[in-house]
């Protein structure tokens, strides 16, 4: 789905961006579909096509509770799995609690889980040392980014045997006979072992096409050599184009209501102060020097 | 929960703000608890305490699919109600579709629903004309803001009889005997007929206290006469203080991982480019002149 | 809701039943509403009215996974609680697994849970020794039958202080200051602290009325001094009378379909062999003499 | 999974059964796994593998709300589909209402649904006339029994073109270009386009093996030339053998509790009066001559 926006911002910061760029990746509609809604389905699809595993009653740990993790957790829970979450961010961890998931460190559950699913964007989230301790038959896969989340390299050692049992499915066999089921060699399960529904592609393609048209049509001077987000109104437009698929009918504001809310009847529909979000950027916030997180077992 | 942040921004824009102000209302943690998590429970609680209604099988329309609406819909669906959603914002409407709710105009379902719940922040979302058409026994209540969402004034007319059947519960009786069950005279159900759990109060009070301490401790010049958002790190701190309640254990980044992600090990945990959100503010976006929303039945 | 059917069967077995009796309690419709559907809502209602507790993130153990337990678990899970189940029956235990609940012995989770809910029909399911070990603030209540499930008598000892904090809510205070929140003194929460929706009463009353009419109208000799179940067709009739409330529309069998299924177009709709259920009664089943359950940790 | 039990009962009734037979199909454990738990997963799996369809927001009608239908509805609802149910049995219809599904006649929603799934055990549940009216792209499949539920024969006519687009997937093309996506030519989707998890096979095989051992070991005279259900205790034994997979720990009754409940500590765990279920068989129940179902729109 294109260049990672973080690279664009790095280029921009370094003064090396030669043209205006539109960060379509962080438009709300595309984000939700690529991550939350798509992964909610592809985690099930990818696991079924590769392993035929039954979800009911299985213990699963999902590493990372961002949009992808939220999608995976929601689907697996709905099908009767018992899901644990690991997180580094206390806000996401609190969301996981409120959604009914135990938030644990991976080591707390590593011996008991039937599946490990990574969705962090981080590297080496699952290490060789941890894989040494998982149960026989444990399924390990990655829904996050690239192929860094599971330390697959550490499994390519002489004492472990790899057996390809099916396309995209390897059994990694320990000397004592224990088998770990590694999917797609640690690459993205949703791209390697599942499909992307046409509806999701339509959202993405529409967003990208609108961004290109805007950059092409814009009067000179509107966009400089910087990174821009898709305007909210355009994001709303992408969404509105896809509503008829669901036979969904939008309510229209009356003149009186639009005036009351201070909104244009055709959107954007979120009030202006939503835009001041980034004011936080200004602050150094040094006045809470300790500010170390105190939580978990050690704190009590 | 204090001054509406939109008023602060209006004061600031008009140059009438005499001191620095912290918009605690839009901190992520407080937002989610006050709205999504709290209302998910108080909609059930408020309805039960006032009406003893059974949720299973009931048809309900929820007006507005913001955080409050999402909470109400999720809880009612989980207890077996059939839930319809009305929305003006196509992005929220698409979210409702993906979460399994029919998105309709209120008039499409007005004759069949057993309950109407408003969560829009708007005025006159339910009109007298619509209440004239609801079923006998229909429950009407407001989870949104103030008391403007249901046009209660229009019900105070001579041909309708009001009967107070219980504290906070009025039967409004039409000449043909039809009764509409109006809760809290259209004021907030969650405040009038339910309770706010201490956990939610703790989140709010912690957020407010930290903001005051920061404003008090800040070196001169850090804050001007403007409106500031709570720094993300502080928001995360509020969350982390509440994790032990749930026996939740955060994962800590290794040095190598923190470097890979470009993050400080103690947070904030969202990458820097999240902060550039407001760039969108710059754009006029005139290049799509038609840009009227085309959707729903009439568009096909 | 009337005489426990087990007493009727005991009377019948002892030859002391002087009139024909109809066991309305075990008719499918009444069972499901009194237990599953009603308790799914009243567990939330009863807990909220008495304690204002927030469900999200709370750890709860539900003792017993029959119809009542299934209702409680489903509702609490849907609102974000983390639910554990205890069971004596392996079939119900397996159902709990497949529905996504950890099946544990009470002692495994007794120190960590925020709520204990009994739904077993058994006695002393929660003992004094276990209550000695629960967390400060743990809520203990009974959704099962009568007041035997929690050993409340064991709490009426000099070293514990009882404090009535609200109607139906006692704090039982340990010498070290720990408080256990006991609801309704261990009596039924759903009857003491919640309400029974009129819809459930209608199902029950309809079932009872039809049974009485049948007994009154029946030709002599149809019923002897024994216990009878409501005929399936009558059970279906009760259900069909309540469908219009939900605007539900039944499909009718064509003549060809009825013939294919071997059913009467007006029901009963379950095939004849369903009726042979009790053949199992005949068997002694002595050929598996050991037949002790081997499971859990000790067995592996 | 073997001979349909209804055939066994027909043979028995006709006096043509030459040996004792065990109806393993209706043992609780096998029933739940073959139908509810297995189909809850295979409906998603079968649809994904054949069509890559996205479930979120889709309108689906499920014909039949028995165990299979309940599994399909639960899974699809959990993934964001909007699900309608058709039923002939008022008890099942009421269950569907309480679980949050609109109960409709197929014709009410035939024009709007994106998928039709049959789970009735009946024939010609979806007719040619109805398929003439579905939307372009509508997916039609069968989760019920054999290949009778969809009237596939009626689609093999000259004016319709069949196009095999993938293994098990046919596009049936109407003269106006409309395409209906027919899966597995109307045969069982769960067997043709999905897989059966080994866990389900283990439940089935264990049940069958125990039944055979019992028939072989039984002393002469225990079983006559009739159809028997698996004894409840044996059913419980099958379940208990599968609990360690989930690390589930059963609670054991104390002597005092077993006595209180009138149960053997090793089971069976359901009280004796459960066995009298079939008494209903005795009754003619002629005293409610009208007894036609009055429901739905026409009745009001």
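Just so it is clear, A, B, C and D label the chains in written order, and each chain counts residues from 1 on its own.
To be clear about the criterion, a contact is a pair of C-beta atoms (placed from the backbone, for glycine too) under 8 Å apart; a residue touches a chain by one contact, two chains touch by 3 or more.
Fair warning: this is a prediction, and the values are worked out from it, not measured in the lab.
Chain pairs A-D and B-D differ in how many C-beta pairs are in contact, and the one with more is A-D.
Ranked by distance of CA centroids from subunit A, the top chain is C.
Here the C-alpha atoms of subunit C line up with those of subunit D after a rotation of 180°, rounded in steps of 5. Taking the mean of the C-alpha atoms as each chain's centre, subunit C and subunit D sit 24 Å apart. With centres defined as mean CA coordinates, subunit D is found 41 Å away from subunit B. Computed from the mean C-alpha positions, the centre of subunit A lies at a distance of 36 Å from the centre of subunit D.
In subunit B, 37, 56-57, 79-80, 97-98, 102, 246-247 are the positions where the chain touches two or more neighbouring chains simultaneously. Touching subunit C in their complex are the following residues of subunit B: 37-38, 40-41, 44-45, 48-49, 52-59, 75, 78-80, 112, 194-195, 197-200, 245-247. Interface of subunit D with subunit C (complex): residues 5-6, 9, 23, 26, 28-29, 32, 37, 86-98, 102-106, 108, 121-124, 148, 213-214, 217-218, 222, 226-237, 239-244, 246-254, 256-257, 260-261, 266-267, 269-273, 275-285, 287-288, 291-297, 299-300. On the side of subunit D, the complex with subunit B involves touching residues 56-57, 77, 79-82, 97-102.
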